[in-house]
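Below is one structure, written out as structure tokens; the observations come after it.
Letters A, B, C and D mark the chains as written, and numbering starts fresh at 1 in each.
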Amino acid sequence: MELIQQLVNGISLGSIYALIALGYTMVYGIVRLINFAHGDVFMVGAFVGFYAVTSLDLGFFPALLLAMIACALLGVFIERIAYKPLRNATRIAALITAIGVSLLIEYGTIYVRGAQPEAYPSTLLPAKSIEIFGVTISSQALLILCTSIVLMILLQLIVHKTKIGKAMRAVSYDAEAARLMGINVDNTISATFAIGSALAGAAGVIFGVYYIKIEPLMGIIPGLKAFIAAVLGGIGIIPGAMVGGLVLGVIESLVSGLGYSLWRDGVAFIVLILILIFRPSGLFGKNVKEKV
Amino acid sequence: MTAFKRINGFWLSIVLALVFFAVVQLLISGGMLNSFYINTLFFMAINIILAVSLHLIIGITGQFSIGHAGFLAVGAYASAIMTMKLQMPFALALLVGGVAAAVAGLLIGIPTLRLKGDYLAIATLGFGEIVRIILLNVEYVGGASGMTVTHLTTWPWVFFCLLMTIIVIANFTNSTHGRACISIREDEIAADSMGINTTYYKVTAFVIGSFFAGIAGGLYAHNFYIIQPTNFGFLKSFDILIFVVLGGLGSMSGAVIAAILLTVVSTFLQDYPETRMIIYSIVLILVMLYRPKGLLGTQELTSFFRLRRAVGGKQNDNKHTVA
Amino acid sequence: MLKVESIDVFYGNIQALKGVSLEVQKGEIVTLIGANGAGKSTLLKTISGLLKPKHGDILYEGQSIAGKAAQMIVKQGISHVPEGRRIFANMTVEENLELGAFLRKDKDGIRQDFEKVYHLFPRLHERRKQLAGTLSGGEQQMLAMGRALMARPRLLLLDEPSMGLAPLLVKTIFRIIEEINSFGTTILLVEQNAKMALSVAHRAYVIESGRVVLSGSAEELTASEQVKKAYLGGH
Amino acid sequence: MTTNTPLLKADNVGIHFGGLKALSGVNIELNAGELVGLIGPNGAGKTTFFNLLTGVYEPTEGSIVLGNDKLNGLAPYQITRKGISRTFQNIRLFGELSVLDNVKVAYHSLARHSIFSSIFRLPSHFSGEKEIEEKAIEFLKIFKLESFMYEKAKNLPYGQQRRLEIARALAAHPKLLLLDEPAAGMNPQETQELMNLIAFIRERFHLTILLIEHDMPLVMGVCERIYVLDHGQLIAHGTPEEIRNNPKVIEAYLGEEIS
């Protein structure tokens, strides 16, 4: 029973990782950039949600939507200001810029509102628990899980059924050929940032509701974990990010369940290094060799 | 141009360095520098060691490692164990700190240096985090509350280690071995096809860089009264990275200058950590956007003087001896 | 219809095209032949907006299109089938064709064109739900051409449609090129397969190290010894 | 000219990537001192073959033997030390290094001084570095590049970069030199200079050369024998005259007429 309980916790945590990982993977797929600032977009989403709930008295779903919109705008802004000028620069320059943007968002937030943490009101969602076969699942956890799943399905629909989704896939596969189709590559890249960031914003609100405490540096560790999830699933591959997120969440919960909760973060990084060494293309990826 | 002249230039630099050392030592023992300045000076030197050691890995060999604080931590804890738990002399502790970090560098370098670019960066970042988490969980070194350490770091030690670091890394760089590393940075496939054993040199540069980061760790640990795993998070790694990037990837003097400048800036902004980070990050972004090669690019400070001398006759030979 | 006026194009420091001029009249098939690396693909890429000429101008139906963004040029009615096909292998055949019509809003017209393309290439209809990456080389070439046709171009740029295909398939492809042309689409065809290209073209240009060295009607060039020389370097 | 054992023997060599066969059943023999061309249409597998010879890829079938050494499975740097060096289709110089240092890198494998002696500036470091420098300067003089010696390689004009890349490849003391489209992007005058250079280095270094080139006059003009690849397979082999009149080659290049 304990095991199943941990499994449920793991899936909840994993679905948050998955939501963040989707943004990493989509952005990487289209511009081959590890957007280090993505974890901080997640943090901003958590705060936007928090203020929407506390100051504007909005309910869960309106707050979620607001956070998603705010983060989408933030994502596009970051892309246009910091990354677009670097599209032909070296990968290292782009990576360092991303680190810079990440630090700027973190400490900019602290500068503006201070470093003190906030707590999401626990009354935001009805707190009932459901017991199934001896496993307690809070209705919150259930709602959060459902929200994540709905968002992921929505994303799949966008990517596969809409014009912009097809454009995104085309650009990430072959940007030059996409231009020959009449696709505006710049706009498509911005759209990718917008969608990925909106998902991170949603993850931020969900995280707040689930784990209560939020603070300006909260994005770092989940951001890194989500990145690991993306690598685990095969970076650039959307279903890979979802599976990677869930797998990582479950692994962490099991490690905690076995009584090694202090090693949880370490295990995630060990997974990362093992994956990079033995299967750098991830669970779902294909190996590509450099052209000479 | 001749070997004789180069040896001469080398000794000249050594003499200048020793004069600098003696002056500072006199100021310290004469009580003319207060502890704030002394401390800043120590920090500066430790940061220069870190910057130069990472410069060898990133700037010279082109291997994008962003987990350097991990080696700093290994060195710090290994040397602290030597002095605090085993009652060994400080000199031995520093050496053990360096060796422990070098071994860690070897262990992590052999498997991960096959990775390229972003992947290597992430793997090294992960390594740094793993080191921190291990330290956090090992009771022998105090877990989260850390280890108390005696203050043993003195100006002669700091200076000697700094000098060694610069001499070793500059001399390595200015040899056929350093050229092999640079050729890997410039084009790994071409280097391979020129008969360079690229894996060997990548790992070698990584191990040398880790060794000096470990030495810096020993100095760092014994400059405090306590060390904790939180001192070695990836923000620390980014700090070191910023020295190298701002100075100019591939320029040792650039890394040194950046380390000096940024140490001064952070000392002044000590009480405003957010402001410091905001300034850091904005500078980092602007430099990448407008001067992606950093302050000096791959040039060395010495080459600018040489250029001036070269006017009217001899060519600039672009050599950077110890300066 | 298309007029290229002494354009110079550079890749970094290397000049790939040196004062190239050529003309395509409405309804024609014009072919551009020459050895590997002569600059043929570069010219097509410059026309379709993937590269910008440093000097010179490109006029399409009287308007300058030199240096315009690729999507604007597609909008004006020029489609480019790139060398190596460059289909989106991770998408289905149908999705690839939909992307060809990316800029169009006329749903009925698009549906008609789907019919047309499937009629022209029945194979594609059979495999419309399959991932494009699983198609054979010849089918991928058909898909690339069909995809370009979905934009309903007035001018079609074809880059080496015969590359890497078995002789029988090459014949099929060329028959289809003639068929497309007979519907009124003007074609600028780049080919290494000179004999084949000349057999379907009205006029031809021979390009050698970034310069047009010869031009004329297809018959004239078929008879020319110089063409063979351009390829095999005889004396 | 020909000796009994060939310098290089590629026996039934092939490679596939995933399901895709890039090359198969390639048999090529090179005798010491020959200058041989390798031609074929785009995508025929010429550069892939070079990558197999130099260890960038490992062949999935067949064997490659240089002299008495089997090359399969060796790392690129080991193959270079056995005596094969190459230039690249898209020039791969060490751009930030000086012209002199580019050549010095090629002399690296001759260096006998250890990292230790360099770090502590022992006498062997100075003698070793001096030897490398003298040899490299000597070498640049042969190639008339000494006036650019201290210039960064990336600042050289294109033609000189090609020249430097060939010089660098030769500085690694190959028995067999592989040139991958050396005339790409050159004007006729530069191409002429290149042909002279190739003739010169052959004479001077007693080299065996395998040349990939699209510039047919160049290939036909300088090569003694030519191999033709198409669709990853050898379709012809012979003297330039034979190749020029070989119907299969003409078909591969000019294509077949519509009937």
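Heads up, the rule we're going with is that a contact is a pair of C-beta atoms (placed from the backbone, for glycine too) under 8 Å apart; a residue touches a chain by one contact, two chains touch by 3 or more.
All figures in this text were calculated on a predicted structure; none of them were measured in a lab.
Relative to the C-alpha centre of subunit D, the farthest chain centre belongs to A.
Taking A-B and A-C together, the chain pair joined by more C-beta contacts is A-B. Annotation: 34 Å between the Cα-based centres of subunit C and subunit D. The distance from the centre of subunit B to the centre of subunit D, each centre being the mean of the chain's C-alpha atoms, comes to 40 Å.
Annotation for subunit D: residues touching 2 or more other chains are 56, 88.
Looking at subunit A, residues 292 sit in touch with two or more other chains.
Each of the following residues of subunit B touches two or more other chains: 189. Residues 3, 7, 10, 167-168, 171-172, 175-180, 182-183, 185-187, 189-198, 204, 250, 298, 315-318 of subunit B are the ones that touch subunit D when the two sit in their complex.
Residues 41-43, 157-158, 181, 184-185, 187-188, 214-221, 231, 244, 249-250, 253-259 of subunit D touch subunit C in their complex. Across the interface of their complex, subunit A is touched by residues 64, 66, 111-112, 114-119, 121-123, 125-127, 129-130, 133-134, 136-137, 189, 238, 241, 245, 249, 273-275, 277-278, 280-282, 284-285, 288-289, 292 of subunit B. Within the complex formed with subunit D, the subunit C residues making contact are 13-14, 16, 35-37, 84, 160, 162-164, 167, 170-171, 174-175, 191-197, 199-200, 209, 228, 231-234.
Residue ranges on subunit D touching subunit B, taken from their complex, read 54, 56, 75-77, 80-81, 85-86, 88, 92-98, 101, 104-109, 111, 113, 115, 118-121, 125-126, 128-130, 132, 149-150, 168-169, 172.
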